[in-house]
Each structure stands twice: as C-alpha cells, then as structure tokens.
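First the structure, in the form of structure tokens, and then the observations on it.
Letters A, B, C, D and E mark the chains as written, and numbering starts fresh at 1 in each.
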Amino acid sequence: MDSVITTAAKEINRDELEKLKRSATQKALFRRRAGKFALVIVNLAMSIFVLLPLLYAVSIAFMPSSELFTTEMNLIPGNPTLENFRQAMVKIPLNRFIVNSFFVAGCITFGQILSCSLAAFSFSFLDFKGKNLLFMVVMATMMIPGEATIISNYLTVSGLHWLDSYNVLIIPYLTSAMGIFLFRQFYKSFPISLYESARIDGCSNLRFIYSILIPLTKSAIGAMAVYTFINAWNMYMWPLLVTGSDRMRTVQIGIGMLDSVDSQSISMMIAGVVMIIIPSISVFIAGQRQLIRGMFSGAVKG
Amino acid sequence: MASLSFVNVCKTYKNGLTVVKDFNLDIKDREFLILVGPSGCGKSMTLRMIAGLEDITSGELWIDGQLMNMTSPQSRDLSMVFQSYALYPHLTVYQNMAFGLKVHKVPKDEIEKRVGRAAEILHISHLLDRKPSALSGGQKQRVAIGSVIVRQPKAYLMDEPLSNLDAKLRSQMRVELAKIHRELGATIIYVTHDQVEAMTLGTRIVVMNSGVIQQAASPNDIYENPVNKFVAGFIGSPSMNFFPVWVARRGEKICLEFGKNKLIANEICSKRLVEDGYVGRRVYLGIRPEDFHEEGPEEQKILFDVEMKEVLGAEILFHGRINREEICVRLSPNVKAEPGERLPVYVDMDRIKLFDMDTEQNIIYV
Amino acid sequence: MASLSFVNVCKTYKNGLTVVKDFNLDIKDREFLILVGPSGCGKSMTLRMIAGLEDITSGELWIDGQLMNMTSPQSRDLSMVFQSYALYPHLTVYQNMAFGLKVHKVPKDEIEKRVGRAAEILHISHLLDRKPSALSGGQKQRVAIGSVIVRQPKAYLMDEPLSNLDAKLRSQMRVELAKIHRELGATIIYVTHDQVEAMTLGTRIVVMNSGVIQQAASPNDIYENPVNKFVAGFIGSPSMNFFPVWVARRGEKICLEFGKNKLIANEICSKRLVEDGYVGRRVYLGIRPEDFHEEGPEEQKILFDVEMKEVLGAEILFHGRINREEICVRLSPNVKAEPGERLPVYVDMDRIKLFDMDTEQNIIYV
Amino acid sequence: MNIKTFVKKAGPYVYMVPAMAVFAVFLFFPFFKTIYLSLYKTNKMGQAKLYVGLLNYADLLNSPSFFNSLLVTAIFVVIVVSVSMLLGLIAAVLCSKTFPGIRIFSTAYALPMAIASSSAAMIFKIMLHPSIGIVNKILGFHINWISDPKYALACVALLTAWLNSGINFLYFSAGLSNIDETIYERASVDGANSIQRFFFLTLPGLSPIMFYTLVVNIIQAFQSFGQVKVLTQGGPGESTNLIVYSIYRDAFFNYRFGSAAAQSVLLFLIIMILTLCMFRLEKKGVSY
Amino acid sequence: LSGCAKQTGTETNSASSPAAETQTTAAQIAESSDSPKDTTITFWHSMGGVNGEAIDTLVKKFNKENTSGITVEAQYQGSYDDAINKLKSAQIGNMGADLVQIYDIGTRFMIDSGWVIPMQELIDEDHWDLTQVEPNIAAYYTVSGNLYSMPFNSSTPILYYNKDIFTKAGIADIPDSLPGIERIGDDLINKGGAGEVISLGIYGWFFEQFTCKQQAYYADNGNGREDAATAVDFDKNGAGVKTLAAWKDLSDKGYAPNVGRGGDAGLADFSAGKAAMTLGSTASLKQILNDVNGKFEVGTAYFPKVSDDDKGGVSIGGGSLWALNNEDPAKQQAVWKFVKFLVSPESQAYWNSQTGYFPVTVAAHNEAVFKDNIAKYPQFKTAIDQLHDSTPQSAGALLSVFPEARQIVETEIENMINNKGTPEDTVAKMAESINKSIEDYNLINN
C-alpha cells in the first residue's frame, strides 16, 4: 500500500516532514488570515467612507454651536456638550412622537409585508388571466409621483373623517408596489418544488406562505421591513398635512419643529436628527439577523 | 385508498413539446404500480399530473370516480416523494416529516408516534433534530420518504425514492414498502430505474417510452412476454441481445440463421412464423444473457468471441461479438474463458423472443 | 493525472461529530477507486475533502506529492460530479457543460467540440439549449456528468453519478466511463451504491463504515475475501446470510452446528478453526445466497422454510428462515417451491465465510 | 363553469385584493384626478377652473425650463443610480463572507437609509459649506459646492446616491443569501477563481434582484425631492431643478396645479416607458 | 378696491347695522357666560425651535389666565410654506383652524382668498385702539385703510458686522450703502484680515428691501396695495437694475462671493468670523450671538442703501395672525380675545425677549422684560431705530404670486452672479417671468 509519496516521505526523516508540513500549513494559514485581515481593512475603510457624514453629524450634535461656526478644523467637538440634546428634548414632545412613529411605522411595515407577500405570491406562483397586465398596473403605481396625489388623498381622507387619527397615517400606506415587486423577484429564485411538495402535503396556499415561504425569504422580508419601517419613520409631508395635534404627530415633524425660520440652531437640529436615527438603527440591528447566507442550500437536488 | 383512471391524457409544453401522449390507464385500488422507462420519457411528469402539479393539456384524470383535472393539489389527498427530495430547508428532519400531518391537523402525540416509527424504519431516528443541510444525500432521501409514509393518503406517489440508498438499505426499504402496501392496503405509484425493485415490488409494471405507454402488465408477464422489442430490451439487466436473423425453412424445421449460426426454432415458434408468413423474411431474434448455457444440444450452439469479462461474484458476464453484433452472456462462475477466446454457448430455444423487423412487435406474444 | 494520499485524515464537525476517522489511503495514478458504504458513512465527505470544499480537521492530504490541506479548491485542478448535481440554474445545458472549460480559458471551438462529444455520449445533444429547470432528473444528472467529463483534470471525483439513470443507460455509461478511464488514463474516485458498478468499474474498492475504512482491495478480493462481517454483508446483493454456529469436533471432522443443521467444514476451514482455537466456541457462518444449490451431498444440506419468493427473470430469490434466522437463497428458475414449503438446499462449503463472534473479523481471511 | 373551476380561477385574484384596494383609493383615483386637472388651468386652491385641453402640455413642451428639468433629472438619475448601486453592491459583496465584526460593518453600510432625505440634506449642507464645511477643510479646497452650478447637481446626486446605497446594500445582501451555496462549490472545483465566480455566478444569481434594484432606483431617483428642497431649492440658477421639485414648486408655490399635474403625467409617462424598456431587457438579461 | 375686499365688505355688511352688531355681541357674551368652558380654538403656527417654545408658553398662559373658558390649541404646521399649503387643502377639505399665522408674502393671497375675517372688523367691534400697534408694522398689513391681519412676529433685515475686523482695519464708519461697502472692501480684507467682505445670501427679501430703500415700487397699482398688481414695477422704475448692478459689482470684485440661496445662507461665514459683514433678519441676532459665542464682537447697523443718496426705509417681514371665518361668532370672539392677549404689551415684551422679533405694540417698550433684553442685547437697538426711521410709505409690496416671484428673483440673481447675464438682462428676465405668473394668476382667479 506504499505509494510514491509515503515512500519518499519515509526517506526524508519524519522530523523534516513535520517541519515541512507545519511550514506549509502555517503559510496557508497565514495567507488565509491575511485574506481575512485584508477583508476587515477594506471593510473598515469602506464603512468609514460611508459613515463619515453620520459620524460628523454625531460630532456636530455634541458641539456647542460656536464650535461649529469656525473655519478651523473641527472634526471632533472640543468641548462636547449634551446641551443640544437637552434643548431638543425640551422643545418638542419627542417621546410622544417616537411612540407615534413607532406605532405607525410598525403597522405600516406589518401591513405591507402582509399585503405585498400575498400579492407577490399570486404573481409568482399562480397562473391567471391578465397577470402581466395586472403586474404592469402595480408597477405603474410606483411611477406616480407622490406630489401628484397628495392633495386628492387629503380630500379623500377628510371626506372619511379620518383626519388626525392613526388610520389616516397608516391605511394609505398599507401596501406598496415596490414591496410586491421585491417579493416577486425573490420568489423567482425560490425552488418551486418546495411549493409543490407543500401543496401535495395538503398545505393551503396561505399556510404555505406563512410556514414555508416567509421563513425562507427572511432576508428579503428583512430588507423590505427595514426599508418600509424607515420610510414610514421618515414620512414628512403626509403626516404634516393630515395631522394637527401633537397627539398624532411623528418624529420627522418633530425635527421640523426644531427648525425655526429666523434663528436656526443647526447643532440642535442635528442633535434631533441624531436622536431620531437611534430608534431606526435599533430596528435595523434587530432586523439584521435575517440576512443570513445560503437559505436554500441542501433543500433540493438539482 | 383510491383507484385512478387516465383517459387520453396528454401533456404538451408551451414550446410545443409533447411530453406525455395519449395516456390511457386504469389503476385499481391497492395496486402497486411501477412506472419505468428511459430517462426523460415522462415518468415524473405523469406523477406530477396525478398530483396536480402540472395542468393536464387534454384528456381526463379520474380519482375514485371523480374528475380531477381542475382540483388543486392540496385537495387531492395524495402524498409524494420527489425525485429531488424537496425538503424544507428551514425545518428540522422531525418537522419536515411532521409537516404534512400538522397541516392535516393530526394530534400532536399521534404525529410524534408516527414520525418516530417512520424514523425507525428509515434508520434516521438519530437525525431528527438536524436541518436538511447537515444530512448526506441518502439521509435526505430517507427523510423525503419518511415525510410521505407517515401520512395515510389516498395514494402514494414515489419518484425514484431509493435511488441514493445503498444496496442493503435499499432491500430493507423494499421490504418495508411492500409491508406498507400490504398493511395499509395502499395504492402506490412508483417510479424506479431499478430492475429489482420493479420486478419485486410491483403488482403491475408500466413501461413508457417518449411519453407513450408501451406495455402495462404484471412483472412476470413483462419479462416473459414483452410486447415489443423496446420493452424486451428495456426490462432485464443486462439487457436482451438482439440479432437480425433470416427465417428459413430447412426441411421440416424452421431455422433462424445469422452468419454461420443456425438455430432451430421450437414448435410454437415455428408454427407462428409459418402462419404469419415470416418464412424467408428477416426478424429480430432476442435472447436474454441468462438464456445462454454452458452446455446443451449441438443445434442450439453458437460461437462468440469474448471481448470482456465481468466477474460479479455469483456469476460472470461475458461481453463479446457474434458476427459483429455485440452480445452479453451470463454464465456461472465455473466457466473459465478469457477475453480473446472463442466460446461456444447454447441457447435455450424455449425462451427466445422474435420481433417483427418493421413494427418491432413481438411475434410470438401470447 | 495524479496520485493521492491520505494520512490520518479526520473530519470533525463543530458539534463534535466525527464524520471521517483516521483515514489512510494511497490512491495511485490512473486508479479507478470506488468508494462504497452505507448511506451517511462519509463517502461524500471524503470526496469533498479531496476537492477542498471541506476543511480537513487533522491529518494530511497529498496530491501528486504536494500537501494540499490548505490549497483552495480552484487550484487543485479536479473535477467533480456532485450528488446533488449542482447545476447552474441560470445557464443552459451547453453553458453548464462549458463552464469549467471557459474558466480554464480553453479556446471556443475546442469547447464546442468537447461539449458536443460529451453530449453525444450522454444522449443529451437535443437538450443543449435548455435550462436545467426544464430537464428531467436523469437528464440533469447526465448534464452534471457531462460538465465533468469534458475536462481533463488531475482527477475526477464522482458522487453517485448514475443513480438516476435507467438500467440501460447506466450500463452504457459504465462502458463510457471505463473507456474514459482507459483512454485518458484518468484517476477516478467514484462513489456508488450500485454493486454492479462497484464490481465492474473499479480497479479497487474501498468499503467505509461510519467514517472508517473497512477494507480496500480489488473487487474480486473484496467479494471473495471480505475482511470482516460488515464488508461481507455489505458487498453482494442480496447480501450474505449470517448464522451464529457452534464449532464442534465430530470425530475427525469439524462441524458447524446450528439448530438441527450440521455442516461439515472443509479442510482449510477446519485447519484454521482448530489452529485458532475456535473449536467449542461460537462463530458467525456467512453464506451468500448464490452459494446454495438445489442439489448436493447430504452433509451440505440444510432445510429452510420458504416465506416469500421473488422471481427476477433469470433467477428466483427465496426468502425464508432457518431456526428463526432470516435467510435469502438464490436458485435457478427451475426450482418450483412455494411459500410455506420446507425446501432442502445444499451449501457450497468451499465458499462459506466464518467470522469471529466478538471482533467480527474474517477467520479464514487470506 | 362549476364551483371548483371558479374557485381555482378566482383564487389568484383574491390575494391581490388588499393591495389593489389601497392602490385604487389612494393612487389610481387621485392620479386620474391629476390627469383631469392637467387639462385645466387651476385657481390658487388647485381647483379646475378653465378647460384648456392640452395647452398645459404644449406650454411645457415649449418651455426651455422644462427641458432643462428633464436634462438635469436625467443626469441626476444616471449618477444616483450608478453610484448607489455600485456602493451597495461593493458593500454587499464585502459582507458576503463572515469575518469578525461583520455585524458592525453591515450595520454601517445600511445606515444611510436610516436618515430622512431632508435630515441628510441638512447634514450635507453643513459638510459642504464652503467655509465651515468639513469637506473643504479636509480636502483643502475652496469650492462652493452647492452654489456653484458646476458642482451643485453632482453634490445633490451624490448625497442621494449615498442615501440610497443603504437599501441597495440590503437588497443585494438579501439577494446574495438566496444564491445556492453548492453552485459556488462546484465552480470552485471547476477551477473558477473568486473573480470568475463573481462574474459568472454572483452577478447572474443577483440578476433578478439587480433588476429590481435598478428599476426601483431609477424610479426613486426620478422622484427624489426632499434633498433638493433643503439643499439647493433647484438652484443655482436652475441647475438642480429636478422635475419633481419643479412639480412641487408649481403645485405648492406657484398656484399652477394644472401645470404641475401635466408635469406629473409626463413624468409618469417617461418613467413608464423607461420601465417598459427595462422589462423588455429583463426577458433577455435576467436569469432564472 | 379689489373684488375680494368688496366681498369681505359685503360679508360684514350682512350683520352690521350697529344695533344688530351690539346685539350679537351681547348675545355672544351671554352665551359665553352661560357655558364658559365651551370654546376651543385652533391656532396654527409655523414657529419652530425657540420661537415655538415661546408660543407654547404664551398659549399656556392664556389658557390658564383667561376667564371666558377659552382653550387655545396651538398646532405647529411646518414651515410657512407648508402651513399655507396645508391651509389651502384644509379649506377645501373643511378642516380648519380659527387663527393662523401666515408669512408676509402670503398676505395678498389671504386677502384674496375670502376665507378670513379682516382683523379690522374685530378691532372695530371691540373698539380696540389700533394705535397701540407700531404704525410702520401695521402699515404692511393695512390695505385701503383696513388692517387685515394682526402683526405678530415682525422683523426687518439689518447689517451685522464684525467689530473686531473693522477695528483692525481701522474703519470707524460703518458703511450704509452698497457702494460704501465696496469702498472699504480692500481694507477689510487686507488690513482687517477678513476672508470675505460681506457674505450676502441670495435672498428675494433683500432684493425687495433694496427696492424699498430706493423708495421705488416693486409692483404696480401702488405696490399692489391699491388693487391687485398686474405687473412688476422694478424693471420700469430702474430700481431693479440699480440694485443688481451694485450687487454684481460687489460680487465681481470678490467682495460678496456667492454663499448660496436663502436668508440664512450668509450667516455661517459671518459667525465663523470669515466675513466682515452680513445681511440678516433682526430675528437672527440671538442665534448669531450664540454661534459667535464671543469669538468677536458683533455690531449691527442699518440695512444698506443701494446708492448713497437713497432715502427709503425698510419694510417688515415675518408673519401675522389671520382670523379665519368659520361662521361661529363664539369662536370669533375667542380668537379676538386671544389675539388681543398676544399683542398685549406684556406678551409682546416676553415674545421679543424670547425670539428677537419686534414687539408690535409700542407699549411693550415700557415693560421691564423688554428693557432688560435691550440692555442685554444692545445691538437690537439698531433694529428698533431703523424701524422707527422708516416710514409707512416703505411698507413694501403685496403680490399674489410673491412666493414664486421670490424664487424667480433668486434664481436670476444666482444666474447673474454666475456670470450668465448683465443686470439689465437679469431684471428683464425677472420681470418677464413674474409678469407672466401674475397674468396667469389674475386670469384664473379673478
């Protein structure tokens, strides 16, 4: 059973072989580590590049405004202060706004995921007449400029006596063409045999959606949920138009309230911006788990 | 359990490709029907049509006396092992197997019992907590089988369910499937490429080619009485040897002549050949490898040139040629011939088959 | 082409599961090595380690005299048929097969030629423009084979490449693979569950069980001289029958006794049994189904109760019991016994195997 | 038609009902109203007053300012889409393999999306300020980024690209997670190096989502507005007067709802045609 | 008079023989004393930040102190632009406010809208003494002798300068005209070490103020005050060209580089100590001081003239309070009470001290709060003086399309500064665009 190699290996002495082996392994390990390290470095550079505006905003938020207005380098606040945050908190009922925003954005996110996944399911797994036409119609809704519909929508909701309520903030956004489109694209690469298998197992379409499709397209849903949530969180025009009282207002209007026409305190506004980013970041971090690799590996053969 | 009936079923793809043609078949309750045929002939497609995964282009599919063409898969109450397994990647083995039961609202302890039993049968009890991605190919396949046999549907559809199992496990599974069939009185429609499975498991075998049913009959019938050259060549491994031969009358006897070899047909054959007017024409002679013997009467002897020898333990396969026709002969291990030798073998004339040159139909099919 | 060498290779999963244990094997250049073993024993894992897809936990893998543990898959110049096919879903059959060549910058017309040839061999020329999703299971598998055989790598790794093909195609493919092996002088490492493939294709068979090599030897050797009970039972289909028997001295003869049956051991056996001190102890007696005959001397006769009969065309398998031990006997179709009968059969005593009760090692292994 | 067939036929539509209902009330209905308005001159309250037929359209098509808007928008869209998709793709690929700190980095890449466009514009306004802005300070330039017609559009576009890169990163990451690992394995055994794997497998594997991202990015870029409002108000001159901003101005400042409606309709048509073209391309270019 | 004014006239007429009037008032008072907790009025404003806080305090105070059971709900409605847009939609959709704060340039729109009760009516009804209000401020909102809305937050632009730079450059006289600025430009840069002479944001308001300073009309029909304007006037009376020529001169010489659009665009350079001067609203004073934070001494001066011999003053900007006609007399009374409260000397003094807007009532000057504030921010004195030196004749223009006009002016000035045309061309283009808008507007809305 001796092969060339082992005989050769036996000829050189075992120690030498060990050494050889160790050095080869080490070299390879080193190469691997270096690769990882390089990856981290590249990532670090890239993320700093991407984050620069944000980091700078955070830094401004901690600056007394006199430090901002200078022609000298001012990357990092010389005398960091929490005053801006305190001011912002005092000026607007931020807590209430955050609660409102959370509720509204949460409902919208949930509703969109639901309605979009249903519609996209129909578009990608079922066959029916006029599918393409209907899909084009859905796509078309994406292209309608929001500015063109806002006034009519205002009239509609005021006709329904929904003004200044959660309804009006939530219901018009319960679906989105973008979501339908996104899910449809994801379902395209979904192994169809899983659908078939579930159907034969006696699974209804709805059940398939919630027990197979949704768990398996977590990453898409994660992306979509984060996006929807943050979009809802960032709505400005519509809530401004349809709500009147602080009871219903959302955080972006809060930011607007920090902005005063004639005496802008930029650092305070930025402090406000930074403060309301924090909840959205937390949502993102919570949703990030979903972005795992290799969902379908090993599911089917071929 | 259920009976099924196909009436003129066709399946055509959008691009005009017809995959299943004019399929007519009655499957009785409790039948264990085996579908065989060359790769790509439409076996899986047929199962998928039964399951409702593919629309039937034309024709009717009846299950238990009800027209099913338009019924959705989940209302058909069937259960299917996919050729590609189709496990749910996010569920554990246990959950995968329990899924169909859960959907049917089977009580929890019942689920546990059934899954436990199935896992035992399939030797996968130790894997119940794993995700499919941490399984070997054969293990995945067993999970796929498991999630089907836990259920008691109207009919089981199985698409090459044992293809990735080792011989030993496979024969155990064969036994288990036979048991399930017997005990549950289940209707099973089963696609396989394995001759042994086809011959031992089925109450009936359907041989397909290019979407067309060639023959549907009991295993023994199919083997002994293939309806045409295709079936004869397809069933049996190694497959039947075919030679074009002249049918000649030599005195009282009817002879089958090819090259220098002359075989004298037996009575039944002779009668048929004469009656059907084949004398003086060419037909295909089919001889299975095992119908050659080391000894026998001179008039059944043919000589062939051994080119290759495969020792299979219990027997030896000799590959070689007779007048340029390739031939495979199965003999007992006692025969000591080597490649290059010319070996005399004796044909069991009672077991030869003859096929029409043009229609390829079996001439002495009874 | 290449030679490979495993030195104490182990593969342990994060969860502590050891899948391959202390694997030592030299694979010579141009060898056609067959890996067999029960489902889940680590065959695919071994291939994946060779390919570089799995890290080797400990031990060394040498290819052509170079330590490969840390080399990335793409620098190993191998080529692999995956058990799960792993076709590129977005490429056509042609592009799938051409992929490996394209990344190796083979000129276009050369690619065309090679793919064309491979497609012809595999009978998939008419499918070249399809996407994998429009193929049947066997067609997919053939594409997977095709994309491997178009290349000329250091070694071919094939993981159950023929499992989804029909018998006829499979035997054609066997021939083609043998040809490729011969013509290209290729090193092939081949996982299969098919006994015929294992016996006919390989220059050497490696039998694995639970990640451990049981025996590595030529097909004939493995069949005739299994190193232990596991190998004996695993190779051969239907598998070997085992009975625990008493080794007793009856006068000059050494007898193997079980129940009322007494078999007289032949000379070699007797000598070994006596020498190794087995007399008066229990051993396992192993008899392959084909080593029973319908006729023979009285002292080789045993009686068994037929419970089931499988007609396989060229032979009949009888399943039954001898003293509660299950037994399978393969006899010629002439035997006309029916389930329920008690049938006398005669054991070919020169071909029996004996295994130690504790170690399960073959006692008369030479 | 019996019940079964009916259920089978109707089923697919049922799944659309929730989505379609919302669309009908809050998008189609108002949009038809917009089309109606575009045929009128409107009073200061935005009510149709004087039927003018296609005059609003004719006016637009004769107005250099409108064509300027189109041109500016086109340039803007090209910059935004290409830069933001590239950023997102690079980030997603960088984060496709696990390594220490991946969570932190992927959070970082997605973060820009957490900021509302107007807030982001505020931040950029400070950063790009010629004398107190950090950009000039770091680079040592004295460029008047947002008041110089040479740079203003690029600045707004890059800001938008930055904002959008976050969600693109998420989309691409999600897309990557949907590619079956085994085909990478096979490719690596076939000898493909990581660059080849990227081009031969990753890109095609991403193509459905890439297509989605492209379409959505283009549509969104066409509709971005908050940043212009805060950062440049369409200036300097009209160099950043994107169509949507122009619509906003006409509708909400200039008491010309009719014209705004006509612009909306035209914008809709432009995007529609573009999207149709892209869907044509999808048939060819997108795998699966 | 405009049709709209007539319309409001008729509206009041229907209920205004004096007897009937007193009756209604009596009835209202009776009503409110019967059920004093009844009235809730909604007040929409656009005051964010510090200003919003001050409004909230005032509202809270009013709600606590008033005895007639009035509750005011103050609601922030976004920026001025947002608020007026919202008002438009709300009026169509019938969800209204009772009192809204609207910016100066929305005045014509509000008068024409027909939604409002002129403040004058409420004043007359209550026999309130209008002279309490600073006349130069009231003048802006007075059309044909009627005060349409109650001024509330008013400001004027002033010149801010960096005393340190001026001292260093040895300049004692603060320039009072654009040419004056030009003359000292080199000194400020070379001796004073200024990075730029004046950071001059491109802001339509400044353009209007320069026109005022020249005692020229911005629009025809008496600056849009006798009747709705039909065209701009600054092109014909030469004021526009003069302004822009001077502006361009500054810019060409590099004294006034382009710092961007909007009222606050110039402030950053100044606060950073780079620019020696800037133009800004009086209301920015506090923030500027805050931002400068003692880095240098901030001085204030009158808004510069365009040429040395101009005699005009400045007009005011900011916002005023409009009472909306919701056909509910009780609410009207409540609104009026609230408005009265807001312009009371006490409130105004507080307002001024918190925000830097002018106290609109003269009497506020006597409040201790006001005096303290002036003492703390002596720079504010300049603003008050400038306002007093101005005349009601400089009240400024009313234009229905003012928001658009400002945009056009800014865009064209920007173009000019970026060397895309002479002042003459620029003015011509401005006039053309604005006239077209006016024409369109008048066509549809009258």
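As a working rule, a contact is a pair of C-beta atoms (placed from the backbone, for glycine too) under 8 Å apart; a residue touches a chain by one contact, two chains touch by 3 or more.
It should be emphasised that the depicted structure is a prediction, and the values quoted were computed from it without experimental measurement.
Q: Common contacts of chain A and chain C?
A: B, D
Q: I want to compare two interfaces, A-D and A-E. Which one has more contacting C-beta pairs?
A: A-D
Q: I'd like the most central chain, judged by C-alpha centroids against the all-protein C-alpha centroid.
A: Answer for the innermost chain: A.
Q: Using CA atom averages as chain centres, what separation in Å is found between chain A and chain E?
A: Going by mean C-alpha positions, chain A sits 43 Å from chain E.
Q: In whole angstrom, what separates the CA-based centres of chain A and chain B?
A: About 53 Å, centre to centre.
Q: Please report how many Å separate the Cα centroid of chain C from that of chain D, as a whole number.
A: Averaging C-alpha atoms per chain gives centres 59 Å apart.
Q: Taking each chain's centre as its mean C-alpha position, how far apart are chain B and chain C in Å?
A: From the centre of chain B to the centre of chain C is 22 Å.
Q: Where in chain E do residues touch two or more of the other chains?
A: Counting only residues that touch two or more other chains, chain E contributes 85, 92, 195, 268, 272, 274.
Q: Where does chain C touch two or more other chains at once, residue-wise?
A: Answer for chain C, listing residues that touch two or more other chains: 83-84, 87, 89, 137, 141.
Q: Multi-chain contacts only, two chains or more: what residues does chain A have there?
A: 68-71, 151, 189, 294-298, 300-302
Q: State the interface residues of chain E toward chain D in the complex, per the touch definition above.
A: Where chain E meets chain D, its residues are 81, 85, 88, 91-92, 109, 112-113, 195, 202, 257-262, 265, 268-269, 272, 274, 400-401, 403-404, 407, 410-411, 414-415, 417-418, 420, 437, 440-441, 443-445.
Q: Contact residues on chain A for chain C in the complex?
A: By the definition above, chain A touches chain C via 1-6, 8, 20-21, 24-25, 27-29, 31-32, 189, 192, 298, 300-302.
Q: Across the complex, what residues on chain C touch chain B?
A: Listed in rising order, the residues are 13, 36-40, 43-45, 83-84, 135-139, 141-142, 159-160, 163-171, 193-196, 199-200, 219-220, 223, 233-239, 288-290, 310-315, 317, 330.
Q: Across the complex, what residues on chain E touch chain A?
A: 42, 44, 46-53, 73, 75-80, 82, 85-86, 89, 92-95, 155, 195, 263-264, 268, 271-274, 281, 283-284, 286-287, 290-295, 318, 355-357
Q: Under the definition above, what is the set of chain C residues touching chain D in their complex?
A: 48, 51-53, 72-80, 82, 84, 86-91, 99-100, 102-104, 147, 151, 153, 157
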